[in-house]
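The structures considered in this document are given below.
Here come two complexes built around subunit A, the first alongside subunit B, the second alongside subunit C.
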Partner chain A sequence: MAVSDTATMGTPSCTDPVALHEWYPISALVEITPGLVHRTQLLGGAISYTRTPGGSRPVVWPSGGEASGAEVDGLAVDHQLPVRVKFGYVWTTLGRPEHELFDIAECDEADRRIQNGGSIMVATSAPRAIENFLDMGHFPYVHTGILGAEPRTEVLEYDVEVTDEEILATRCLFFQPQAALSASDGQMTEYVYRVPHPYCVMLYKSVPTDASRMDVIALFCQPMTEERVRAHNFLCMVDAVNSDTALKRFQQLIFGQDKPILENQSPRRLPLDPRAETPIRADKSSISYRRWLSAKGLTYAVIPATAPSPTPAPTPAPTRSS
Partner chain B sequence: MMKIYDYELSVNCYKQRLLLGILGVPYESIPVDFFPGWEHKGEAFAEINPLGHIPVIDDDGYILRDAQAILVYLALRYDPSGLWYPVTDPRVAGEVASWMAFAEGTTNTASAARLHDTLGYPFDIDTVRAGAQKLFRVLDDHVWFHEQQERPWVASAPHPTIADLALFPDVMLSEQGGISLLDYPALRRWTDRVKHIPGFTVMSGIFPAPAGAAPAGAAPGGATVGRPR
Partner chain C sequence: MEPDPSTSWYPVARSDDLPLRHVFQGELLGRELAIWRADDGFVNVWENRCLHRGVRLSIGLNEGRELRCQYHGWRYANRTAGCTYIPAHPADAPARVICNVTFPAVERYGLVWTCDSPGGVAPGDGPPVLAALEAAAPLGLRNLPVNAEPSTVLDELAAYAFVPTGLLAQRTAHDRPVAGSATLGTEELGAEVSVTDRGHSWIELTARMGEAASRVVLFVQPVDSARSVVRGVLAGGADGADGADGAGVHSPERDQMAVLRHHHRELSRLRDAIEDRAARRPSPVPMTPRLQQVRLRPAESALEHDRRDGGRRTGLRVSVARRWDTADAIVAFELRQLDGLLPTPRPGAHIDVELPNGLVRQYSLVNGPGETDRYLIGVKREPASRGGSACLHDTVIVGDVLAISEPRNNFPLRRDSFRTILIAGGIGITPLLSMAQALHWSGHTYELHYFAQSAGHVAFTEILDSLGPDVTTHLGLDPSGTGSVLTRLLSDPEDGGHVYVCGPGPMLDATRNTATTAGWPDHAVHFEYFTNATEIDSSSSFEVELARSALTLPVPAGSSIMDVLRANGVAVASSCEQGACGTCLTAVIAGEPDHQDVYLNASERRAGDRMAICVSRSRSPRLVLDI
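And then the complex of A and B:
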């Protein structure tokens, strides 16, 4: 186990009530070995988790001295943290959330291929990962030949609705050479983006083989620290042909291309001051996301706006000019 | 057709895809659920490789494991120019073998650091990072001295060899294990030369060289090497 993991034993460094009273994913349920200790970090503190013998129930607790891989009886653990199992992941909280987790209606459809595409650690903040996920503008440059290609780089005007509960970006259209593993040709792909949680985002994109349905791909971020995230890649696909392994491989190929971009962004925490970084049209959902976090009063893993802006904040994006 | 038991984010699998792409050899990639499924450690995969490692190739029924060994086989079998593994020159062949062994060391250190930081492998991160830095210092010095002698590649041949391909991905992805290449300027120049080898392909996390003039030393050897057609 890394020195850095044991240095912050048990006690979270986070004092932000908005972040504390929230649910976070810590692992795919199937990746937890019953009876053995697994360790990770959440909001700067070390937590341990296991499944009870027989595997029925996940148990999560603030880490004591137990080592990763040691045997443990989950039923006998004191100071258990609240647990939810949803979308195939174990979620926990260090606070007392007054709300339950969001829903994804498509998960109830019988033919959906639902799995964890991989839980990958990235040296960036959770909001940076969310913002990158929302951005179509990088497709031709980072996912060249797959999710985008030059010269078709234009992000067309799209709609963003914001409520207290979530951000919804609709009518997002982008030309994609290979929109999904099941795609055989380039196509204009329609996306819907949804942010129902400060550190969780999902996209709905048209299924190449069935235009009436949408694949759902989500990024559930576990904020290990303010500048380190474990990104759980959730897949809920319509695909009767490709194997689970092939679907995971495609998702990891895409996320593996994003990773070095995310790790080279500076600062790692997301600045919420509207003057901090210059927006362009493609950033309309990003601007909404930053404002939404500001309105929630979130301070963890962001650089909060320090003073009220002297002038009204810029309009999210110009209307389509062409 | 040649099959590779393959994982997108594996540097050792990428080396094989890189050489096959350069040689223009068609192959079929058999995806292995390395992460999060640990398929390579399962019983079914033990039939293919009891060591539980990838890559493994199946070339028309001939099965071979071990990243560096597969590079040797592919070069001898599919490179009619004989330049990628130049066995006719004993000294160059010896150097290639030496740097291929060195690549096992970078896998056990630089690659291990990346697996720790990215996928949560339980390595002692300080130990593996220090090990990688020690090896990178040796390699950076070596490449710098070679550059002074107008030898752009790790072996003393005037063209790249499988030793360059064996070392390239661990160096290129080391920042994902917390090892900055800022301290190794000769390595940065050398990775740029590798990216200009004709037929070069990328993996997730490695981007192509920006369009523009190839760096000195890349084109002459590379342009003629290993293009049988």
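And then the complex of A and C:
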């Protein structure tokens, strides 16, 4: 069963070593006010973060009694957690990862527009969000008129390569009425999907105005609990025309369409048993993703294949009497 | 003793919770339900998750005949919950086992009842039948959610106190606002209330006051271990004439409102007390209903195209519920299963029918979407009948029992086309009629052209009429007249357009040739032959190697590959066994097939990577098959 968020404040409930010894994004760096306490949750535990007075260095620590918005001197904080700054986000860990974070080569290109497209809380598990990001079949139904439209609903055969480090799905083709903000017409769009981290996924898609280059959009998931995630939408675009706000808004429009679907999925944790749900050929990348998680031995935010049959997590009823 | 929840009926919704095209979200014993009424009136109670990715079906679209999932557009049929279409793979029919979890449903006393019996088989005698509610039109009270254990709620409802309906009505008739008043309680009115009957999940109470008496039945829906819904039904409606020696006063809607208000206020008061006591007890552990696993074996595909079933089997028993002459020399048969549900029919599918004389014949299903309680076929009397159509026409009557196969779909309908042209000749209308209905009811654009000898030869006119202006009939054309209409219809090959044709051999050939000449690609022209009119040449002899079974078998002249495989214990799927239906198509790994079927088109024949093993043979001495 899910543990309630409040019951675990301050103490991480996660005992899964695979999930513990991993890096997680907690905030876009520019969204942290220097000198003030920000609070969030990671793997069931409460954590606090800030930037040092000059604004240069992020500091992250397991929450004590400090209130959100209180003043704090980052330099004076004890028990600091390890920190990395990458892709414009602050990453931390509750364990001791032996590996560094993955790379995205396109981030080094000079004309890239790099920003956080929005950090959005979703009442589901991180792997459900990742799997939705990997999925093309829902475009005509969930992103109607933008990323897909009836009757062009076919998901053509594509390739999936799996290594210990990552999953790579290539030759993913789908008809899209408006593939990006800079697109004016419907077109067959080609995607490449990459999963280099259990809770991070990115897609590469041809730039509507320059077929030789690829826009990169990623979803970096911060597992707040097993059934609650903060999804950081990372944008790394080639677009000389639209404003940052317009690009952000487009991404938030898309993710805003996914959110209610994700929050109506049951069970919320991703079932890894191949017989728990019904895959089709179009789900090749998600089948690979579930197997890959199983092979890693991940148990956090999933229902492992060996576990007894999952139960749906019904929306808790409002308790009138308490 | 706790009743067995799998055989106990509980109310889960009110009948009026299911307005046109709505999907209601219900819950029973910790399990969420999607409850919806189809346009034919049938109430569906399904597990509230799409079996593809677990998305709630209660946020899906009730299209009247099918429910469509919001996430990937998978369609599920009324009644059977069988998946009829997977948009990501338009060319493939979903496998038959792709079927949502259903529960039985009965409507009684204005409530929808079900029981926790996945699979939809209704146990026992159905919901309780209560004399009090049978007597006269009962009035449904407002349902009341209570946060307390269902068994406790039932016990505590024995304390429910209310005023007989007749008195409430009388008082409002004299403009004294009894029911609306917050100050005047039941005690002050002095009604005597007693429990007059009770069952495992309901309680009947009778209130008496002087001459007036009325009965109310309170049903407890166990939502979860600590949550209940009380659904009350008042005997005799708002006029109190329930036969319980009450003084009935006939009065208008205002009385009904007064009565509903009175019960709502009194029940709410009781609810608060029950919840207060429940809050002081430790909360019980929530229920954990078992989720059905999908019925696919590991590595099995959800698409029929990828699967291989066993041989020709006529394992379903149906009875002829109706037969009628639908056109000259065409008889329609309505077949209903003896018990349980028939497998979900999909557009373009056919069944094998085993006739009383032992012959097996294929007939396309005419069913529209959501018509899942029967199979409809049309049978034309063939002048040169080998005993199939004549037997059905002459000997099969209403009430007869026939053995049929599950439907098989070798003529699946794509629904990803901007333009779909359906062309039927004569009795070839049957599969195209099911396609036309599927396209019509899901709002796709299409055109159906029906070639027939005369108006008297047009079958299923009642269905054609329901489709409206998308249907054109072409009557009494000779072959050249038909040819020029076909040329006109197919003159504009469109990217992403698809043509489906079924009819007599010569017309089918003409349509295919016209389409090719006009520039339609092979893959956009779909056809189904009823029979293979070509003479089968089985004079060759060769060897087949079965790659997966590691078997090599000689095929002598006079025997088909299929005969040889079966004689050696290798199961292969088949239906028509004459090279027309495509059921036995098998992948060829090496060797050159000698195609003698009419199922594959020219480019598929040239590719030589699949063959119909019921009639086709080998040009090379050795053939390697992927079996």
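Keep in mind that, in the parts below, the second predicted complex is superposed on the first by the 299 of 322 C-alpha atoms of A that agree within 3 Å, B and C clash if a C-alpha of one lies under 4 Å from a C-alpha of the other, contacts with A are read in each partner's own complex, and residues count from 1 in each chain.
Here is the rule we go by: a residue touches a chain if its C-beta (ideal position, glycine included) is under 8 Å from a C-beta of that chain, and two chains touch if they have at least 3 such contacts.
Keep in mind it's a predicted model, so treat the numbers as computed, not measured.
Colleague: If we overlay the two complexes on their shared chain A, which of subunit B and subunit C does A:G69 touch? Say first, second, both or neither.
Modeller: Touch status of A:G69: first partner only.
Colleague: Where does A:E31 make contact in the superposed view: on subunit B (first), on subunit C (second), on both, or on neither?
Modeller: Once the two structures are laid over each other on A, A:E31 reaches subunit B alone.
Colleague: What is the contact status of A:A123 with respect to subunit B (first) and subunit C (second): first, second, both, or neither?
Modeller: first
Colleague: Using the superposition on chain A described above, determine whether A:C172 touches subunit B (first), subunit C (second), both, or neither.
Modeller: neither
Colleague: Where does A:K248 make contact in the superposed view: on subunit B (first), on subunit C (second), on both, or on neither?
Modeller: first
Colleague: Just to be sure I read the superposition right, which of the two partners does A:V302 touch: subunit B = first, subunit C = second, or both, or neither?
Modeller: neither
Colleague: When both complexes are superposed, which of subunit B and subunit C contacts more residues belonging to subunit A?
Modeller: Result: the larger residue contact count on subunit A belongs to C.
Colleague: Which parts of subunit A are in contact with subunit B and also with subunit C?
Modeller: Touching subunit B in the first complex and subunit C in the second, residues 1, 260 of subunit A appear in both lists.
Colleague: Touching residues of subunit C toward subunit A in the complex: what are they?
Modeller: 27, 30-32, 48-49, 51-56, 59, 70-73, 86-91, 98, 145, 147, 223-224, 227, 275-276, 278-279, 286, 288-291, 293-294, 296, 298, 301-303, 306, 415-418, 444, 496
Colleague: Which part of subunit A faces subunit B closely enough to touch in the complex?
Modeller: 1-4, 28, 31, 40, 68-69, 116, 118-123, 230, 243-246, 248-249, 252-257, 259-260, 263
Colleague: Quick one: which bits of subunit A touch subunit C in the complex? Just the residue numbers, please.
Modeller: Contact set of subunit A toward subunit C: 1, 131, 136-138, 140-142, 150-155, 260-261, 264-267, 271, 273-282, 309-312, 314, 317, 319-322.
Colleague: Going by the contact rule at the top, pick out the subunit B residues touching subunit A in the complex.
Modeller: That would be residues 7-9, 31-33, 35-37, 39, 116-120, 122, 124-126, 175-176, 178, 203-205, 207 of subunit B.
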